[in-house]
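In what follows, structures are represented as structure tokens.
What follows is a pair of complexes built around subunit A, which joins subunit B in one and subunit C in the other.
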Partner chain A sequence: MSAVSHRTRLTVVPSYRIAVGRGLSILAALNIVAITLTAMGRSPVELAGLIVRSTVGSRFGIEDLALFMTPLMLTGAAVWVGIRVNLWNIGAEGQLYAGATAATAIGLFTNWPTLVALPSMIVAGMLAGAAWIFVPAAARAWLGVSEIVTSLLLNFVASLLVYYLATGPWADRVTGALASTERLHTAFPELWGAVHLGFILALATVIGLGIGLAKSRFGYETAVCGSNPQAAHYAGIGVAPRILAVLLLSGALAGLAGVFEVAGTVHRLQGGLANNYGYLGIVVALLARGSCLALIPAALLMALILDTGIVLQTTQISSSAVLAITGLLVLAIAAGDELAAYVRVNRT
Partner chain B sequence: MSLKDLTRLPRRRALAALGSSLLLPSTLKAGAAERRFAPIREEDLLVGFGHTSPITDGGWSYAHNQGVEAMKRAYPAVKTLFVESVPYSADATRIFRQFVAEGAQMVISTSNYGDFIKDVADRAPNVAFMECDGHTVSNNLGWYYITHWYASYVIGIAAARLSKTGKLGYVASFPVPSVYASANAVLLGARSVNPNATMRVISINSWFDPQAATEAGAALVDSGCDFLCGIMDDPGYLRVAEKRGVWAAMWNTDMREFGPNAYVSSVTLDFADFYIQQVGARIRGEWGPEGRFLTLGKGVDRDRWGQNVPEAVQKEADAARDRMLAGWSPFQGPIYDSDGKLRVPPGHVMTDAEMYGWSWQVQGVSGLG
Partner chain C sequence: MALLSDLLGHAVLSGSVLALGALGEVIAERAGVLDLGVEGLMSLGAVVAVMTVTATPHPWLGLLAAGLVGGVGAGVLALSSVVLRANQVLCGVAITFLGLGLSSVIGRSVAGIPVSAVFEPVSIPVLSSIPVIGPAFFSQNVLVYLIYLVLPGLVHFWMFRTRSGLDLRAVGENPAAADAVGVPVMKLRALAVILGGVLAGLAGADLTLAVVPVWSDGMIAGRGWIAVALVIFAGYRPAVAVLSGLLFGLVTAVGFMGQARGWPVAPAILNTLPYLGTVACIIVPMLAFAKLRSAMAAPAALGTPYYRSGR
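Up next is the complex of A and B:
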């Protein structure tokens, strides 16, 4: 009687297995990076020390992490609410620009008191983000047009529109700043160094979203629509309006990221403002898997990678290296998640 | 910001007041403020440099890096950090913050980063910041720039003598003050010997785009220009001039190897003395934030003349250069803009600060703004 070892795939993977799998994946990815750096003649230990010191080990580093996390949590949430119901909003970048543009309009052309201007920016930015995805969302809901392509293409429209505004009609004539608008008249108050109120609001948004979707009827109905549209239809749930609503919510979240970025961190509308946060939101959402609250540590990990990229540049390692490291980490984590789903079963 | 003013500052002020009254004798505190840029040992000094393009660009960043290398020869124990191709975005802020986080006591950006560097300087009051082409002086942030318009004027005199058509072509980047000053100075120099000289400008929306610069140069020659100049990091339009048998003057460095027959001169940059002096001042504890122009012969100059530039032309242009070195300025009223409006009244000599903010083209220049 010999025990034969088999492996079987779990449908529901316990979170401790995911945690172990990801821990090992991240270690493996870091080892590959370290070996590559050694092959380039760099000392990985020295670089690792520098990275730790200047990210989590210094006041400036921690502030930067929070500043990176602010838009990443929201674009991550924007993508996440879509994935939850099998919809892919690849256009968070464009919706972020739309939100930033709306906030800029209020910041440049009004002199409202802060307590009026900031909430108005938030509302206008979220509406603009939702408006930017409205056509792809409606086309997906009623015509079945893939939202992946349409939302993606609108990113380029938004980016060029911002370049046009920042160098054309809204260009700064006061200080002659290159290719950007004048400084907004209002800003989100800074709480700790450069970390502004937007960070707390983004955290609160993610937590509120997680609780709201888990507890509300809307959350339940959209979840049903996502996992089985036909069942939803038989249950009397209107699928198309739910799809529209989820995508509009997604666009609004990305728009909110743009509001915080322009009125909290950058203070001027300019090309390149989105800094790929829209696309990185996809990575954050994938890392968070099924849990909305997991967006927070996922955004932290992404922020750490981005901050590492800045640190590495001061040692003459190309900024593209950080892209490669990001890709490697995501690949390793995907593999780790998959492996964590397999358990050994002993049969006699 | 008003919310911040209402809620944050009083508490901070209260804490500061508390701290100063309980922990520090007031005299000691005042002393600490004065010693903000206290002397520092050479081997302890770390200087961070942020460049706008790769230091191998053969132009602007290359010229700055030559200055950095000279500084390192003068102060071999000083440690430096640098980042190339710093974007004009919030990531620039992060890069400058990273310099501070790594312990830099001095941060120098070799191009204009506006708020992106000022935001960092405001939060790192003990670090000395310098911004090339900047416009802000604060407690710990200063700027420096070159008065390149004098060198451009000298080249303009040669341009008018060399050009048969009197039509000069200018390959520009953006309609910003440094470009206005450069183009205007060349034409004013040219008009001092040929009052009918004109200049046509094409902007290519980049400082470094060899293909666009080449196309712009060819278009200018096609439209009748027989002298090309501009403000580019690459020798693109010099190659055009060499091929088409017209003249060309360049910027940043000696580029004669790319068009030895067409080459007239270049606005050359030398930041070595300046960087040595600034770093030295920081070491001795004498550094202070200020706006500083590097003047003709002391950081900016015309390059050695090209092999085909006749000696008479060289002498005539250099005579103006000698007068400028002795203190004379050619930028005197009356100067009219391209709409014919009197901008500089007779008798007024434009200051360097005025030319640093030049935002209109002089009469005879077309296409810039």
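Up next is the complex of A and C:
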């Protein structure tokens, strides 16, 4: 028989192929953006220059990057621990709000010293985030109800409740600031400009999580549950409790993002506080693929895109354009990752 | 009585958006594709409908344009998640981002301006004079009749009584077996996703041309996601999906009524009702009736891309 050229799909894709695939997809997405901008009568080159100067090219730009990275690393980690075992927590946005609300309660209604208040904010925020995903998690674990839709719908509930609190019972009556609470009594100490302790803690959390899941029994057992629930069951690993545990962990991480956001960056609880970080966490987790540590550069890339959004806003391009650009990037990367798995083989 | 009639009328109207979105999602999911782009495509449809009727005062043209845009957007989704077989969850979320962002950018010029040409209510003689039910069900705009009476019948007939409908379901249950008997898996899946997108676009147009006649940023407010949830609630049945749209219209209407009549509950709290109701409705039946779990089960191949070499 004659040799035929044939494409086959690799189950494990070497990282250089992924890198090439991603490079090409990001390039393709940026090209589409550039063409659209040109069609709108803007100069993409000029805009690109402006963006580089005002993001990585200035002190404020770099501070902003770190501030954006802080919640993104954590929501990214929240989604990532789920994807690792085939669970999709699309509700990080809501859990972030829950965490922020818990931290705000401590920040507004107690006068504890900083050393007590900050750790209790962290604990309360993580518990609140976990509590917010508890019902979808339990329904997924024992009833097999898809966690995708249930976790997502609770985002809308959380955002409405935070809006209600910030404009109603917890509204700031002292300075008359509209639609937000008064400034929290405690804040995470600022280390470098506006960059606060939360950034370091988020970094440490991601690194700790990566090591923890790679080395611990829990990490191993959940990985087995994720890749083959039946095998896990026969090996005596209870699948349902581990599904619950992973999703609660995921919710807690997103809740932590809310704590840092409200007590480190924004200092007030207000509607729109989550700023899509929960949804963007999905993108960060996707970019990181199998590696937890890769969440850090992935969050940096996403932070760059968000920072770009602020720059675009100053040039009368709607900030929503960033959401569209993000969507385009995710689409391109998802397709690129899949295409990178195909190799040409010759068969006789 | 007038109150009940108002409540039902509002439920029918706001439920029609959910029903149409859910119907489209049933088609895509029955073919085995988890289409999470509904929210974005609805948003695009809504804004394009408004822009079209602003340019030409014909609501039908607006509807057509919205359907086309929904179809094109879903074409992108089909290309990535069906033809290229990229992860369906990611592609869907990406399309939602893209749709929400894009509609907000292109809709700036028409935001907040009342829509000039909308679908006006058409009273059906005799039926509309029935007390309570008459005004609620038979004095609605023409889209409502299409969505509740014509479309579910058509989709149901196609899905369960025709050869191509059987093929569609086969592709969602066991694509390898369907492929083996010569059913074009990829083509059917792509068509199902595009058809679902057309319906999502139309649902957006229904929202801005018949329910809330104005475009504002973020006005879809999770309706697309509720539509996705309704499909699970309806056990992937087209007629049931449309009925559950009506049920959730009722939940929305209760919140709306509460605001209009000044109930002592904050509007934000009342607005959480549809979301909480949806979550409860997809979890509680599973909890209460174990038998339902197999009857309402998702198509077996839902969410998994099909690789021919993987047979």
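Everything below uses one rule, namely that the second predicted complex is superposed on the first by the 340 of 348 C-alpha atoms of A that agree within 3 Å, B and C clash if a C-alpha of one lies under 4 Å from a C-alpha of the other, contacts with A are read in each partner's own complex, and residues count from 1 in each chain.
Criterion: a residue touches a chain if its C-beta (ideal position, glycine included) is under 8 Å from a C-beta of that chain, and two chains touch if they have at least 3 such contacts.
This structure is a prediction, so every number in the text was calculated from the model and none was measured.
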Superposition on subunit A - do subunit B and subunit C clash or fit: fit
First, second, both or neither for A:326, with subunit B first and subunit C second: second
Partner chain(s) touched by A:310 [first = subunit B, second = subunit C, both, neither]: first
Touched partner set for A:268, first subunit B, second subunit C, both or neither: first
Partner chain in contact with A:12 - subunit B first, subunit C second, else both or neither: neither
Subunit B versus subunit C as contact partner of A:39, first or second or both or neither: neither
Vertex subunit A; arms to subunit B and subunit C (CA centroids, nearest 10 degrees): 80
Minimum C-alpha separation between subunit B and subunit C after superposing on chain A, in Å: 7
Touching residues (chain side subunit A, partner subunit B) in the complex: 50, 53-54, 58, 60-61, 63-64, 67, 113-115, 118, 175-180, 183, 186-187, 189-191, 193-194, 261, 265-268, 270, 272-273, 275, 307, 310-311, 313-314, 316, 319
Touching residues (chain side subunit A, partner subunit C) in the complex: 8-9, 88, 90, 135-136, 139, 143-146, 148-150, 152-157, 160-161, 163-164, 167-168, 279, 282, 286, 317-318, 320-331, 334-335, 337-339
Partner subunit A, residues of subunit B touching it in the complex: 1-4, 7-8, 48, 81-85, 87-91, 94-95, 97-102, 112, 114-115, 119, 123, 135, 174, 176-177, 357, 359
Subunit C to subunit A touching residues, read off their complex: 34, 36, 40, 76, 80, 84-87, 89-91, 93-102, 104-105, 108, 217, 221-222, 225-226, 228-229, 232, 266, 268-269, 271-272, 275-276, 278-279, 282-283, 286-287, 293, 298, 307, 309
